[in-house]
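The chains carry the letters A, B and C, assigned in the order they are written, with residues numbered from 1 in each.
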Amino acid sequence: MHEGVARAVENVSFTLKEGEMLGLAGESGCGKTTTALSIMRLLPPGGRILNGEIIVDNEDLVKKTDREMKDIRWKKISIVFQGAMNALNPVIRVGEQVAEAIVEKEKVAKTEALRRARLLFELVGLDSSRVSDYPHEFSGGMRQRVMIAMALACDPRIVIADEPVTALDVVVQTRILELLKELQRKLSLSVILITHDLSVIAETCDRVAIMYAGKIAELGNVVDVYKDSWHPYTEALITAFPSIAGEKRRFRSIPGDPPDLTSPPSGCRFHPRCPFQDETCRTRDPELRKIGPDHYVSCNYGEKLRKDI
Amino acid sequence: MLSVENLSVWFPARSGVSGIFTRKEQWIRAVDSVSFDVRKGEVMCLAGESGSGKTTTARAILALTRAKSGSVKFVGKDILSLPKAELRKLRCKMQIIFQDPYESIDPRMSVLEILTEPLEVNKVTRSRRERERRVHKALEDVRLLPPLEFARRFPHELSGGQRQRVAIARGLVLQPELLVADEPVSMLDASIRVQILNLLLDLREEYDLTFLYITHDLAQARYIGNDIVIMYLGQMMERGSVEDVVAKPVHPYTRALISNVPVPDPTLKRDRIAVKGETPSALDMPSGCRFHPRCPHATEVCKTKEPEFLQVNGDRYSACHFNDRWVA
Amino acid sequence: MAAQVSTELEITEDRFWVYRRKLRDFWKLYRRSVLGRIGLVIVLSFVTVAIAAPWIAPYDPFAFVGDPFLKPSPSHILGTDQVGRDIFSRVIYGTRISLLVGLVASAMTIGLGTVIGLVSGYLGGSVDNLLMRVTDLFIILPALPLMLIMASILGKGIINIIIVISVIGWTATARMVRSQTLSLKERPFTEASRAIGSTDLHTIGRHIVPNVFPLVFANGMIAIVDAVLSEAGLSFLGFGDPSSPSWGMVLYFADRAGATVNGYWWYIVPPGLCIMFLVMGFAFISYSTDQILNPRLRRR
């Protein structure tokens, strides 16, 4: 174990269109949650945004002061944290917890906030009379709906959902994902869905950014990235994903372990595990470049590898 | 190799304050009459969601949890009725790999200590040299190379995948015949999962091991399993070979489960079978068929009468009053 | 290949090697803490004084070496007490007693508390119930009056003081250790230990005890503090052992001599300061140790 500076997120660029769901995929430690927290300017103590821009509605969030961010959080962008559904205060009624967000942000009276909470419950598919229940009276899926209601409390334009369905049973998972898609449609909401589960992204997102060791390996339209992967990591990840469909055969796994971000590999961060690595990969860290109308990859050899694969 | 018959694990539940005073006992029927056979060298999957009782079943088979009734025959002996001393001797032959690689190995012990502990406890080796040889072999088997380097490390110096390999090595060091794996890859990253799954398959081939693999992920079950038992609220819903059950499920629960499992292919259009509600708590066990409150095809008889676990064809069994309707 | 294997592994591993390495790592971290070093220096100084007492002290602490109530002077650095004994020597020899009682009493307290906590936590059921009700009993009874009653029943004597302190003090440790044991019992590696065929005793010894140890050690330092203070208090109140002059006893005699009333600060202040510094030393050690053993406390 050592201390040092971990370059958790390096040169990450992507755009999110209105009413679109973008998936941020990657394994633990790849920087997806850090990216999300950076957007919200909610990095833990010790974390700093070194450079870059986060532009929402023509405003750069990186340049905002804390006070200005307070105004933006929840009203323009909100987030459903990972495991938040288990962090509800057990001794306060859920309706009040949702209303709390509204009261804080919009300075309305509590009765008004509760009224809006009831409407939010309906929006997320919960019976509005349940605003006066306590968290333990809800099942896992319903608690997650409460968290979504909370995130929608101040009518944001963007919602970030960090692993929203990982802890849920598979049939509940589908329903929550369907809810997100429905909200996306109804409210013209833009959603950033963060998860390590590639199959969830395949089925719900419009576009996807595959992250590895703090960088984006591949970015683009979901069909392109999945069906026509250019980056060796993407390709390996998608083909080596046990699935209930497709042919049953032994997969070749990616050798090695994800790198330590306090001392990342030289050159391309994926090179130690890449079957195609060579001298260039060991020295040159590739940039994200465009390879299609909505398809970007950061690999030194994208083109050459397509022919070899 | 392993024959489980009518295994039931019930936990006593005392409801509220009155429970302390009255002797009336309510039972949580965590596992109810589960039966299956596992052939030597095969991988049997116990699949189910949270609350299905799959983990409890596995624990009961290894006698880590007390079973209420039933029998578990392993190498000709009924584990559940063995005296303590004999049971401990039998433990060498059946080992378990836990789900959490961060918690299942003692953080204060070095890898070498973790791997020699089973050998010392069971006194199976006579000399230190032999112990070291076995540890060395186990580390090689799980591909933690060079073994010397890894033997001296501590858990916090290892990655999740490496820790899980240590846990597997610990399971191997006693040279068992049966390995129970409780969601061994659920807490690992996607790129490591296949590594570990492949490792398990390799080990099975090399040592002719028999596996009892517990998971909630049907994709994993399909990748590694030969046979599968689908569990819900403590009971078996369906049983058969993995390929068959996944391709042509019979029981409504299995059908719903499979239709809802996402697949990493954005172009595949699926028909999702909607299931209402969530798994109820074991204290509030539904009457009749346990799945009836959520089943899209429930009828009157489903509410009152518990379906039998019947043969559908070949080695396929399903517990639904309307099995015939679903057979393709 | 086989021959190569055995020679390689033989070099590195045995349990003592693991302990030595852990100790070395611990020391590296401990060295960095300023408070820890100060605490260690203080305690070690007192220990040195205690061991070297016969050589450091100018006089026999029991001997009458001068006129009573002499003020501090070059021949009697802290003057003499009411019967003409050298106070400085008495304070030096007092280090032995106070330290001895502190260490032995706390060891017994921790030992008793840990065993009870482990047994209670691991076995559970009726054993746990019984032991905890006994513990509750001891907690309810007010400490100081109980100590005084026991002291008066058992009579004077250093051993009795140690017994009294231990009997009162084990409850906190017992509860804490039980609590830790209960949570450790549920952790997968404990279950894994059972799965590989260990006996309960083995599991407790190999898995639970080492993981409870950090807690017990930190608590142990506090127990020493408690013991030293309890002994001082008991002695001061007159329940101590006059033939074993601890700092508390010196203060008792000082009080009997009317030192407070007459302003003989050289009689009162030194023993008081000694108690204070010794306790402080152990407290600092406890603080630093806790910082290391409980990683969550470490500053980012």
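Criterion: a contact is a pair of C-beta atoms (placed from the backbone, for glycine too) under 8 Å apart; a residue touches a chain by one contact, two chains touch by 3 or more.
Please read all numbers here as calculations on a predicted model, not as lab measurements.
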| item | value |
| --- | --- |
| Central chain of the complex, centres being mean CA coordinates | B |
| Chain whose mean Cα position lies farthest from subunit C | A |
| Chain centre separation (subunit B, subunit C; CA means) in Å | 48 |
| Cα-centroid distance, subunit A relative to subunit B, in whole angstrom | 31 |
| Chain centre separation (subunit A, subunit C; CA means) in Å | 53 |
| Residues of subunit B touching subunit C in the complex | 62, 64, 88-89, 91-92, 95-96, 98-100, 103-110, 112-113, 117-118, 121-122, 128-129, 132-133, 135-136, 147-148, 151-152, 167, 170, 174 |
| Complex contact set, residues of subunit A against subunit B | 1, 27-28, 139-142, 169-175, 196-200, 202-203, 222-223, 226-227, 236-238, 240-246, 248, 250-251, 253-255, 257-258 |
| Residues of subunit B that touch subunit A when the two form their complex | 49-50, 156-157, 159-162, 189-195, 197-198, 201, 216-220, 222-223, 243, 246, 256-258, 260-268, 270, 272, 274-275, 278-279 |
| Sites on subunit C touched by subunit B in the complex | 2, 5-6, 8-10, 12-13, 15, 18, 187-189, 191-199, 202, 206-207, 210-211 |
